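Take a look at the structures below.
Consider the two complexes below, in which chain A is the common component and chain B and chain C are the respective partners.
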Partner chain A sequence: MSIASSTQLICFTVLSAVVAIGALGVVLLPNIVYSAFLLGGVFLSVAGLYLLLNASFVAAAQVLVYVGAVNVLILFAIMLVNKKEDLSAIPGLGLRRLLSGGVCAGLFALLLRVAFTTHWATPGPEPVGEEATLRIGEHLFSDYLLPFELASVLLLMAMIGAIVLARRDVLAADIATGEPADQGLIEKSRTPLLLEKTNA
Partner chain B sequence: MTLALPTTVPLQAYLALAAVLFCTGVWGLINSRNAVRVLMSIELMLNAVNINLMAFSSYLDGQLIRGQVFTIFVITVAAAEAAVGLAILLSLYRNRETVDMERFNLLRW
Partner chain C sequence: MVFANPAVVSAGLDLEASFTDLLQGLGLSPGAAHLLWLPLPMLLVLVAAVVGVLVNVWLERKISAAVQQRIGPEYAGALGILQPLADGLKLLFKEDIIPARADGLLFTLGPVLVLVPVILSWLVVPFGQNLLISNVGVGIFLWISLSSIQPIGLLMAGYASNNKYSLLGGLRAAAQSISYEIPLALAVLAVVMMSNSLSTVDIVNQQTGAGILSWNIWRQPVGFAIFWICALAECERLPFDLPEAEEELVAGYQTEYAGMKFALFYLGSYINLVLSALLVAVLYLGGWGFPLPVEWVVQLTGQPIDAPLVQVITATTGIVMTVLKAYLLVFFAILLRWTVPRVRIDQLLDLGWKFLLPIALVNLLVTAGLKLAFPAFFGG
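Here is the complex of A and B:
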């Protein structure tokens, strides 16, 4: 253990408080931009927890992928769909919240019971500490080689799929005039295809 | 039996924190009206799973750190999921001009 145990305890307390309160904020805050920034804070604190668990490589990956990519992507999505709309009231929303809260509390109690009644085989083998990155590399290129290659195929498929789903039809032509449509940088407003019939 | 404060962080503390994070994510997933917030809740749940894997890897499997390898894979899948999910959301928003989950009823009979 590289850090003194009391320091570790204090760090864990602070980080877990930030994670728990930040997660509640992500779910409960009415302004979604604040939620997105709090989500970045939660990701950073989780990376700190990984550092406490002697996993510097995974902590760096967490910061790069989650804070650097996923959170920024979510912020971009919020800006792209940033339309102020008054959500219509739904009957029984309060009841639904209470019921789902009860279900989640039950799930939480179940998880806590499992965590505290199971006899975990602690202390396990001595953690490898700084050699963790080396071990991860060995795993990725020996016994986890097939999942590793599948992950690269999955990322390629996700990239192509995201482009196909999110792009405008850049080669589309206007039906009436035959001129290329949607070529400008600024997206023209078009008639939405799937608006609800009841509103029309 | 006296309740002594632990001097080191026990494994159960990490499991309890992950349980808090997961249940918050589940509640947000069910109750969010904004589709972007639903995606954020999914990310919270994935992070809870990652905390569990990392804690087990450090406390029970210190030599062969298989939990860390699994966490790497989960992070990869989460990144792919976020990209595709947000692309679907963008395309849905173009066609329906709303992000309200209650009005996404295309697949409802």
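Here is the complex of A and C:
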């Protein structure tokens, strides 16, 4: 075995172990902050796996989007609402855990079966290496143009929705209740001071 | 040092080939020789980064002293040149404190996560045609994605300290980092569009030809300003050092740190400053290019361009030019730090989202239009 292939094997083993153990930690750890940080580790390891497959652009995009944006936003959300409160015990917790564990085990068995019965060694197209960036760009602007544009419209809708939810003060009336909204806290519905005057 | 571009006039100095040839002459297999070669450029760049930081700290102390009409450090070595070394040794010998109610594991991991991406980013900084660790195809994009890992380290440090100032500082640092990453990436994208490549070597090669006149700063003046402002914000330098604003947050996410862990933050911020200055030089100031076209100068001396002596001289000039440009920018950043006041957090976020982001988008659009209209000047 040459030095390059043994390095690749070691990297693959370590990265896969980190992905598997890290993902288990994300789900099983009681501390949500640890889960979020571990999720970042899992995303980074997946980027490492992409790198092993010679997909350096996808790896860099994975780090930028999932670690740099998604994971940071998750951490933000957790830290801004990090209230130390003890949740009340849910009745029948043992049974619930048993049931969800059973569902997960079934899914795992199904995936294992698929993994072992599929014939994986299908010849793919020639690896393009560093040309991959060009190839991705060509595809995005030719045969994948419609999904690409639809994704941007979806993102725009999500952004406008977030702005509407976050800045109700710019709207004249609340969408849900129809009451006039101002800079005050939206959840405390007050009677507007000038109500009689505007009605008259 | 690893990659030889066949499109260049000559292969140039190929240090890797001569080194592996030497080792193979001693009876080693090609694989083993390559393995022995691999750590050398990495170590060299690491040492260069750390020495760069020492120079930077000395400059910071001397220039700040000059700005405030003081003398600055002068007893440690001539002109106080050994002062940064003394500072580093002091931090090395200080007690390593982890606060009692802090989260020990995350507290230790935080500074590491801040430092490692910055050092990894040196992978793509070119000092010459073949003088970089790896000419990866994603080049400058690698730097952008690596620098997006940093906020996680900052949040981790802020959270693990179990201190309200630290947590607020960490949140502020992360918010600042994400808001300024977007205009930064858009400014880089305009340059990438002109050079048709993400590789830093190609970006510099696109700026050679007419010496100082072909540098990107003339074609991308707005992009240059946006990039420089965002780079300062990413490095948390004044006027954007909100995360460690003393009056409000003690020292932000660094409040509870001492000794070597604090030194990691300190090192990280200075390495990041040098790195940003180097990348400004690469993206906008012609990288290793001399203000006069090298081919023209070589022709004047009547030497062939692939003569060994000429190659050595051009490579040396390249390194000197890159470092010189970077340190001129560092000088400018230090001068800025000691002359301008700090902005408020709302002003900082407004500047990022409401001013720099639209300007960067318009800059990108105008660059695309100019590229279509004048392909000869803006990269066809």
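Just so it is clear, the second predicted complex is superposed on the first by the 159 of 200 C-alpha atoms of A that agree within 3 Å, B and C clash if a C-alpha of one lies under 4 Å from a C-alpha of the other, contacts with A are read in each partner's own complex, and residues count from 1 in each chain.
Just so it is clear, a residue touches a chain if its C-beta (ideal position, glycine included) is under 8 Å from a C-beta of that chain, and two chains touch if they have at least 3 such contacts.
Note that this is a predicted model, so its numbers are computed, not measured.
Novice: When the two structures are laid over each other on chain A, do chain B and chain C clash or fit?
Specialist: Fit - chain B and chain C, as placed by superposing on chain A, sit side by side.
Novice: Between chain B and chain C, whom does A:G40 touch in the aligned arrangement: first, second, both, or neither?
Specialist: second
Novice: Once the structures are superposed on A, label A:A158 by its partner contacts, choosing first (chain B), second (chain C), both or neither.
Specialist: first
Novice: By the touch definition at the top of the document, which applies to A:V67: first (chain B), second (chain C), both, or neither?
Specialist: Touch partner of A:V67: chain C, not chain B.
Novice: Regarding the shared-chain residue A:F108, is it in contact with chain B (first), chain C (second), both, or neither?
Specialist: A:F108 contacts chain B only, not chain C.
Novice: Given the touch rule stated above, what does A:L80 touch, chain B (first), chain C (second), both, or neither?
Specialist: Once the two structures are laid over each other on A, A:L80 reaches both partners.
Novice: On the A-aligned overlay, A:A20 touches which partner chain: chain B = first, chain C = second, or both, or neither?
Specialist: Touch partner of A:A20: chain B, not chain C.
Novice: Quick check for you: in the superposed arrangement, does A:L98 touch first (chain B), second (chain C), both or neither?
Specialist: neither
Novice: Does chain A have more residues touched by chain B or by chain C?
Specialist: The partner making contact with more of chain A's residues is B.
Novice: For A:F57 in the superposed arrangement: first (chain B), second (chain C), both or neither?
Specialist: both
Novice: So, A:L145: does it touch chain B (first), chain C (second), both, or neither?
Specialist: Once the two structures are laid over each other on A, A:L145 reaches no partner at all.
Novice: Note down the smallest distance between any C-alpha of chain B and any C-alpha of chain C in the overlay, whole angstrom.
Specialist: 14
Novice: Same chain A residues contacting chain B and chain C, which ones?
Specialist: Residues common to the chain A contacts of chain C and of chain B are 57, 61, 69, 76, 80, 132, listed in rising order.
Novice: Which part of chain B faces chain A closely enough to touch in the complex?
Specialist: It comes out as residues 6-28, 30-37, 39-41, 43-44, 47, 50-51, 54-55, 57-66, 68-69, 71-73, 75-84, 86-91, 93-100, 102-103, 106.
Novice: Using the touch definition up top, name the residues of chain A that touch chain C in the complex.
Specialist: 2-4, 33, 37, 40, 44, 56-57, 60-61, 63-64, 67-69, 71-72, 75-76, 79-80, 129-133
Novice: Quick check on the complex: what are the chain C residues that touch chain A?
Specialist: 31-32, 34-35, 106, 136-138, 141-142, 144-146, 148-149, 151-152, 155-156, 158-159, 167, 170-171, 174-175, 178, 181, 198
Novice: What part of chain A is in contact with chain B in the complex they form?
Specialist: Its residues touching chain B are 1, 5-6, 8-9, 12, 16, 19-20, 23-24, 26-27, 32, 35-36, 39, 42-43, 46, 49-50, 52-55, 57-58, 61-62, 65-66, 69-70, 73-74, 76-78, 80-81, 83, 85, 87-88, 90, 96-97, 100-101, 103-105, 107-108, 111-112, 115-116, 120-128, 132, 135-136, 139-140, 144, 147, 151, 154-155, 157-159, 161-163, 165-166, 192-196.
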